[in-house]
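Two complexes come next, and they have one chain in common, subunit A, joined by subunit B in the first and subunit C in the second.
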Partner chain A sequence: MKPGTKLKSAVCDTEVMVIKAADVAVDCGGAPMAAERPAERGVIDPAFAAGTKMGKRYVDEAGTLELLCVKAGQGSLSVGGVALKLKDAKPLPASD
Partner chain B sequence: MNDPQIPLAVCADRLLARLAGATGSQAIAALDGQTLLGERALLAGSRIPARISAGGGCRLFDALDDTLALNLARPDDRESLPALFESDTLDVGDDEAIAAAIAARHAGTLVARSRLLGLAIAAEHEAFPAGIAPCIELARGAAAQPPPRAPRVVDLSALWAGPLASHLLWLAGAEVIKVESRRRPDAMREGDGEFYALLNQGKQSVALDFKDTTDLHALRSLIASADIVIEASRPRALAQLGIDASAFVRDTPGLVWITITGHGANGAAADWVGFGDDCGVAAGLSAALHAASGRTGFVGDAIADPLTGVFAAVEAWQAWSSGCGARLGIAMSHVVAHALTQARAEDADGFARQLRDWSAAAGQPFPEVRKRSIGPLPAFGEHTRSFLARVARC
Partner chain C sequence: MAADAEPDRIGLVCDGRRWSYGSLLRAAQGAATLMQKSGATHVALLDENSEAAAMALFGAALAGIPYVPLNYRLADADLAALLARIAPAFIVGDQARVNRLNPDGGHVTLSRAEFVAQAEQAEPHPGAEEVDGAIAVQLFTSGTTAAPKAALLRHANLLSYILGTVEFGSASPEEAALVSVPPYHIAGISALMSSIYSMRRILLLPAFEPDAWLALAAAERATNAFVVPTMLSRIVARMDAGARADLGTLQAVAYGGGRMPAELIERALELFPDVGFTNAYGLTETSSTIALLGPDDHRAAHRSADPVMRARLASVGKPLPTVEIEVRDEEGRKLPVGERGEIYVRGEQVSGEYKERKALDNDGWFPTRDAGWIDADGYLFLAGRADDVIVRGGENISPGEIEDVLMTHPTIADAAAVAVPSVEWGEAVGIAVVVRPGQTAPSEDELRSLIKNRLRSSRVPERIAVLNALPYNEMGKLLRREVRALFR
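Presenting the complex of A and B:
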């Protein structure tokens, strides 16, 4: 995984861009994400069905992984069965 | 050499004259465009910019096929650069490394990726739709006779353009309530204290916790009590607060809602981030400077901000006083593009001469402008309790 890589969900419309890369496998809707969508769409695990929001950033607990949602979907993001959480909004510039 | 004028200051002059005529305000009539465009630089002691903006946050970089303005003013912006360049070896704190990464890539790709990443970026020769309107109607409400008093303005915006618009309305006699998030106050309080005080003097300060349902209810009540709302957030920020600006306008006769954006309120552009310097570049101002002087650079200090501020004040007052309830979308880059078109139509040679003088003066102190007086500034959230109490009684 490299910063800038795009990952697609195997079970919903979600697409993310990797902002901070970590050596982990990212799941969406309970299924592994990959550079390409599989020909046949899988089923969303109800435990990971909270959805993703366009433009939002998602991070792991340690803050080593950061993903930007570039296309929203019904599945939610997780690593090793632990849900990723929303990152707070960017602070504004002190002046522009 | 002549002392350079800030290009497009004459456009701000004309807008001020319209506002003075419409409001009858002596305070507005006493203002001039050059002051509005140059007063932040005066207070900050900035110099006439070349490839680094007067405020320092935005920089021009050469890509393979065009020059880009990339604004990295926010503390987190640089964290997005590895994803922008698809590189995990880039030193994001090193502007020379950033310049080298941009030099090896095409402008169009970088602009598209940056906008996806929420970075403020623009290309010098960006394809800009001709004849674009700086102000569009996003929703129309019922007309209502304006009350026989000055308007009440609820300002949800931050930084420069929106707060300048409400400041001008305050000078013209309006009651202005500045609403800020407790978690995310207007960052210019800390960054640019004296200038912040200039723009926000005399306004009432309400600070709310946007994650608290009582405070959100208070926010809705405040908006419902307003004659004019000024807001400059991206669509999803309002949606998260459960606020539908167009619905508010349709439900509240006479309400004027000003939505300020970087590049437009509709379609994909609604999500693009834009600040004053990069929006000026997007509008073609640096391309005009380049064509006139042979050298690219920034024109003015975050020029899209003050031009948009005075433009928004005129539109807001005009709509309110005519009783036309509406939600108006005002895009900073479109305001500058419009001003640029006007300046060329009026006196193309004179404008080109101004741009040449500006370019030749790069590195000199900013043109001298009038220093305006600054009145008392309320403490952060000073009026929150009295407004919450008023809301609770309703």
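Presenting the complex of A and C:
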């Protein structure tokens, strides 16, 4: 993976774009994400079913991985069984 | 993404016509197909702002071709040179001028109406294969000291700016931003991107005029606006002269692109007591804004009796969380708080790159050529251009071109042109001249018409001083700051 890579969920509509790349495998809804969606959709693991929100950024604990959700879905993102968390956005006044 | 989220929501209003996010995306996809079929190496716009600017910007990105909005105010010879540098290009706008100035460029030209109609009909482009480090936008600098440089902004730079400053879909359906900056200015490009990403409806004013601005703001219930100081000066002047418009929905005005005179921002704060003002400082080479003075800072400074606080009204605020800013001396050493030097900036949104050369140092810092200092609380202040360019209403004027013309006058022995404060233009031209021994000084009118006839009216000096000698240092370098001090 590298910045700009797009990953799709195997179990829901979620699509993410890599903002900060790390050498890890990203899961969505408990199943590995890949460049292409499989023909048959898998089942969402109930432990990772909180969903993704479009336009939100997700990061790992160490801050080495950052993903931008470009399509929302029912699965939630994780790496090695640990859920990614929502990146805090500090609101800035509109400047343009 | 905006089109995915809410395809039917209105994203852009121009000349009374309304475009949904879905229809803008569809037109951009069609535009990308037209662009790719043309075989062009660049996509250019030679036109005032309109829906075509948004379609061309996003269409070019989908087609993977650099987008080059051109300044339609350029003189023929200057524009012809730029057209030759981007040939063969896919050009939207003034076809007759392109064909007259660069007939051998192999350009494909479409009028605005033809472009929009064909883009809506053409097969949607699926989006080009993404290439690492691809160039999104190429903007020509104003080129006052030499030929214009082609500043390159890569997709990674623009994406970093947008992600760092805007939250996706954060605007409520009532929010609408009035955009009156020209499409060839970095602020015109960032306004399209930020507004669409936040899903704040864009109200395009193709050519700025204060009464038209007031009318559009009232009719479309604008909540946000971006202006250059000269525009704000004209709006305030019209309102002070009695022009009335219902601006009850206006919540936020951002400004940038030139020095804001203190009297003007104070008057604007009084005239719009409920509006949040934001000073945005940025450059073409930094993908727009790198520092912000926000609404709370404006009001706190305006209310304060403390001179340090009050002075902040003239500050450009603090760096964005995603960029670093330093002030350095001429040897490149970081300067302590309060000392004036050249402003350097570093961050992912900073391209600092021209087609001709990369201006970043080994550690990724970009020398802005702007002079300034940082106060004890981290507020950044600008102090003119490091290279003394005069910025009059957003137009960069090189002192040298004015001095050269003055020196052609038979009675003038020496001349200097500097920036003088101007309420209307931010800066205007002031000149100091030295007359040859035994000669009588030419009248001010004579000097003004000399400049006007040889250059453009924007170069005509507002202030004129006749001196016995110009101030030079021991190395023979003209001390421009001492000349400027004459006009304070």
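One rule holds for everything that comes next: the second predicted complex is superposed on the first by the 90 of 96 C-alpha atoms of A that agree within 3 Å, B and C clash if a C-alpha of one lies under 4 Å from a C-alpha of the other, contacts with A are read in each partner's own complex, and residues count from 1 in each chain.
Definition applied: a contact is a pair of C-beta atoms (placed from the backbone, for glycine too) under 8 Å apart; a residue touches a chain by one contact, two chains touch by 3 or more.
Keep in mind the model is a prediction, meaning the values are calculated, not measured.
Chemist: In the superposed arrangement, does A:A89 touch subunit B (first), subunit C (second), both or neither?
Modeler: Both partners.
Chemist: Could you tell me if A:A21 is touching subunit B, subunit C, both of them or neither one (first, second, both, neither)?
Modeler: The answer is first: A:A21 touches subunit B but not subunit C.
Chemist: In the superposed arrangement, which partner chain does A:E36 touch: subunit B (first), subunit C (second), both, or neither?
Modeler: Neither partner.
Chemist: Is A:M54 touching anything from subunit B or subunit C once the two structures are fitted on A? First, second, both or neither.
Modeler: both
Chemist: After lining up the shared chain so the two structures overlap, which partner does A:L68 touch, if you call subunit B first and subunit C second: first, second, both or neither?
Modeler: A:L68 contacts both subunit B and subunit C.
Chemist: Please write out, lowest number first, the residues of subunit A touched by both subunit B and subunit C across the two complexes.
Modeler: 2-4, 19, 54-55, 68, 70, 89-96
Chemist: Which positions of subunit A touch subunit C when the two form their complex?
Modeler: Against subunit C, subunit A makes touches at 2-4, 19, 54-57, 68, 70-71, 89-96.
Chemist: Which residues of subunit C touch subunit A in the complex?
Modeler: On the subunit C side, the touching residues are 1, 4-5, 130, 132, 155-156, 163, 165-170, 177, 187, 190-191, 194, 197-198, 200, 224, 226, 252, 254, 256, 276, 278, 280, 282, 288-289, 292, 294-295, 320-321.
Chemist: Across the complex, what residues on subunit B touch subunit A?
Modeler: 40, 55, 57-58, 71, 73-77, 79-80, 82-88, 113, 116-118, 158-160, 184, 186-188, 190-192, 195, 234, 236-237, 271, 275-277, 302, 305
Chemist: In their shared complex, at which residues does subunit A touch subunit B?
Modeler: So the residues of subunit A touching subunit B come out as 2-5, 17-21, 53-55, 66, 68, 70, 89-96.
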